[in-house]
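Order of writing sets the chain letters: A, B, C, D and E. Residues in each chain are counted from 1.
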């Protein structure tokens, strides 16, 4: 397993003409059983603006707004970054940066740039999840829901709503025979496939962060996602959930509009 | 299920002549089995004023008071917003905005307006719940307590007291046969119906927030509600409760009186 | 049950000549089976002074001291308010206001007055419990410990020590037959009666706050109370305790002495 | 039990010539079965300096240093107070005051004096434990480890290291027959006696604070204490532990050196 | 056991020519059964910079940067100190100091020096773990993974990634017969040995801090570590895990580059 990342190509960042940070074409995903692909790092960082920033003068705020976008907007090699507003959707935070990179160094480089702005003196990150991509050990026999590709390369879409949460399974789960787990997952996947409007991105945090997985669901129809989650409660997989909170609802939004919301 | 929201009418905001944010007439509720209704988004956002605001001069505070109401009071299309004081009733917060809208965008628009006021530099939201309306899967055979309508459209009343809490059921609950759950709910509903002075609003948070449901009870008689909750402890449904805190007591109050309490 | 409060007299505040907020005579307590009495609201609000207040000049602090007492000291109709110091007894807070009123409005009115003082710009309430009085469903066959009166009207004494904590029983408890619960409570009450120096005030929070009950023990002999609690650990009732923290030790103290301690 | 404290002598504070707050001679400890001794109050208060204090000028800091020692150093009647540094040993706090007194009033008097200093405007107490002394109900048949005296009078030594933690036993423990508990404790005590370099002080918090006990271990050899705790994990008593955190490591240090560490 | 540290040599700090704080040669490790070695103290202190520092002028920040390095960089006798960035990897903190010393006094001395810098007025330590080295009680029959040496002397490497977390085993674990625990550990160690790119450092916190152990994994290949942890979930040892969070991912980085990231 130590050779996993030896010879795979690095995920190509999206072409320069594309909207910043959004992949428009699938990267070089390997077919199952084919050559291994480079695994990516994924960071969900949730940011909060100190209300004290709002007490500054209109001029100071306007300058900080412009300065922040100048630091934030340029495309960074090896980094895909999507912004979402969480304002009024979650108490602890104001916005999310969903970051995907070939190395965590690119997350740090972007945060360093943020830290050097005026706004950086008023921003904190009350919630953060770190994860990596990885091919699933469960086979999706139908596959419209989980593509092998989606576990090794995140291709964030342009859907309005994103629902993110960490996921910890009970230790009992991992001691079940693989066949039994596959059977339980078959039902789980089958229910998921009834809601084609919902796209799931699963990433892996074992040993990197407090959770086992971070799951991120994209959809245009939040009511579908709600109904899906409620229906999954009635499947056997549900009883092997140890923790699945905090659950954070997000709305995709360009960064300048996010800032407009905040001050 | 993905067609749920396709052709249903959007909830009508209350007529302009009505008190801001209070529905006076029932929206276009669909009879059971009839055409589907638009599901609503519901946000319970609990706000706290930084005590440091109180250190400002009387003039600054007075100006901030007026400015806030100017931003807050105008009716917003698609938004129903009720204000409640939680002062001295709960440690973490000072007031609640109970917001109901056709989209979470309207919650964000209102918060954006608040963020741009002087007071917005001193406000935070230590507690927030996000939910949607949905028709209940349990049949209330008697029905004075839970109307089908109340699950798909929130019609907040004018009662003085509101008791809000998130609700998580055990995973075991969801694995019971539906008939067994219905039988348990029958008893639960029967007890509820003994307290006609208490009106229940149930909303659904599966996948949107940490809880399964957010429940909001309206009454003029808090002692009735207390007795009801105590009596429900003795029903079978009680043992399937995983979490039902924080429980937050609220008193309905126009926003200008809320501000009068705070500074 | 909805008639509970219909025709009962409101608790009389103590006569004006009495020390502020202390009842000296028993209110119109109804004998068991007699006419119903007005149930009271009870608020245990624990306050913390921001250490930054101590950095102000001696003159500012002295003026704030005087201003606070002017706002705090006058008797308020319908409100009984006792002050206790928690300094050095509990990390989160500095003092307690034990408030008993015919309506929560009187708690809010007093807090509003506090919020308008200079000191109010530096005070927060990290812990708060809300409850109501209610007659116990368990019969105390000996009765020196729990009088029926003490559950429907709080008559706070003048004892030096007060020990307050929220109390949540397991859901299993509430599903036991009433006779079994009564038998377990008989033993519990019997142990309590061995410590006549300890007076118990039980109030009910079902649906109003996170706990089932708030219990407040008054005594001159804290060592007796410690021994009582330790002895109760060995009774059957103990195993039905879900949560009984935070436990907060308090020392009765007039407000001016509380302030003397803080700055 | 209510006569416990009736006629016993108050613990004598150490002679004036002794280092402040350290008892050098045993107080009037009563032999088992003899006249009862006065039970003491014990407070472990853990303090944190707001980093903002460090931003003050060198002159201000130097003056605050001197002023604090002037308020802190004089011996107080009825109070034994030992200072320990927790810097770099525990995240939440910087130093510990281990206070032993005949009444909690003496803790409050000292804190009041601290509150009136310049440094008091930057100090908070993120952790605090309140307890009382009490004779153990378990007999130590060998007794070098737990003397009857050590439970009713704390005689803090001069060892360099102190390890403090709250201790909550499961409710099941208290429902075991006393003989069974004594047998389990016999093994526990026997293991403890293998580590004579470790001195245990047990105090009781039932009803006064969130824990059952506060335990404080003094030693010159932290590796011995670590090995002892690890070995105790293998005894039956271990499975009746409900909670034993936070565990706080402390190093004895005079207050002026503590302040030297902090700014 | 109280003689453990009597005659063993103190760990030699690395030669002056070496990079500060990194051991390049193995200290005087004792073979199993040979003379005892001095056990070391280990501190993982995670630091956070108050965003308010970023609001200072460029000159102030630049001077603080230089001053901090002057205080931090000089080698300290008896202290090995490695710096890691946690920026964007964990919400609560910005960087880690992994400190190994013959006494906790050296940790305090270094923190005292930090506290006296300008930056020290804006730094806090939201997470801290304290531990000691100790020889494992389990025999690694193959031994490439756990060397006896690695438990009594930490020899931190130069690998880029470090994953640190506290570890608490269930009380049931400690009551298993030693042979059974050894058998379970055999499997655990065997899995570990399949990932030679991952180096484990285990330290012991019994009685010193909230956890039983602190584990620190060093690797160049985080994907290997993730896969290892995931695979270990399927071993029997996994079900005896009581708590293994917070898990903190760190990237080795000299202190000047850490500061460059922060402001």
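Throughout what follows, a residue touches a chain if its C-beta (ideal position, glycine included) is under 8 Å from a C-beta of that chain, and two chains touch if they have at least 3 such contacts.
As the structure is a prediction and not an experimental result, all values here were calculated from the model.
*Asks:* Touching both subunit B and subunit C, which chains are there?
*Replies:* The shared contacts of subunit B and subunit C amount to nothing, since no chain touches both.
*Asks:* How many hops, at fewest, get you from subunit B to subunit D via touching chains?
*Replies:* Steps on the shortest route: 2.
*Asks:* Mind checking subunit A against subunit E and telling me if their interface is mostly the same residue numbers on each side, over half, or mostly different?
*Replies:* Mostly different residues form this interface, as fewer than half of the numbers used are common to both chains.
*Asks:* Cα superposition of subunit A onto subunit D: how big is the rotation, rounded to the nearest 5°?
*Replies:* My answer is 145 degrees for the C-alpha fit.
*Asks:* Distance between subunit C and subunit E based on Cα centroids, please, to the nearest Å.
*Replies:* Here subunit C and subunit E have centroids separated by 47 Å.
*Asks:* Centroid of subunit A to centroid of subunit B, CA atoms only: how many Å?
*Replies:* About 29 Å, centre to centre.
*Asks:* Mind pulling the residue numbers of subunit A that touch at least two other chains?
*Replies:* None at all.
*Asks:* If each protein chain is taken as a node and each touching pair as an edge, is the resulting graph a line, ring, star, complete or other?
*Replies:* Shape = ring; chains linked end to end, path closes on itself.
*Asks:* Which order do the chains take around the ring when read from subunit C towards subunit D?
*Replies:* With subunit C as the starting chain and subunit D following, the sequence is C, D, E, A, B.
*Asks:* In the complex of these two chains, what residues of subunit A are touching subunit B?
*Replies:* Answer in residue numbers: 51-55, 85, 87-91, 163, 194-197, 217, 221-230, 233-234, 236, 238-239, 241, 245-247, 249, 251, 260-263.
*Asks:* Taking the touch rule as given, give the residues of subunit C at its contact with subunit B in the complex, in rising order.
*Replies:* Result: residues 1-2, 4-5, 39, 41, 43, 45-46, 50, 99, 104-105, 107-108, 110-112, 115-116, 118, 120-128, 130, 132, 134, 171-172, 174-175, 204-210, 212 of subunit C touch subunit B.
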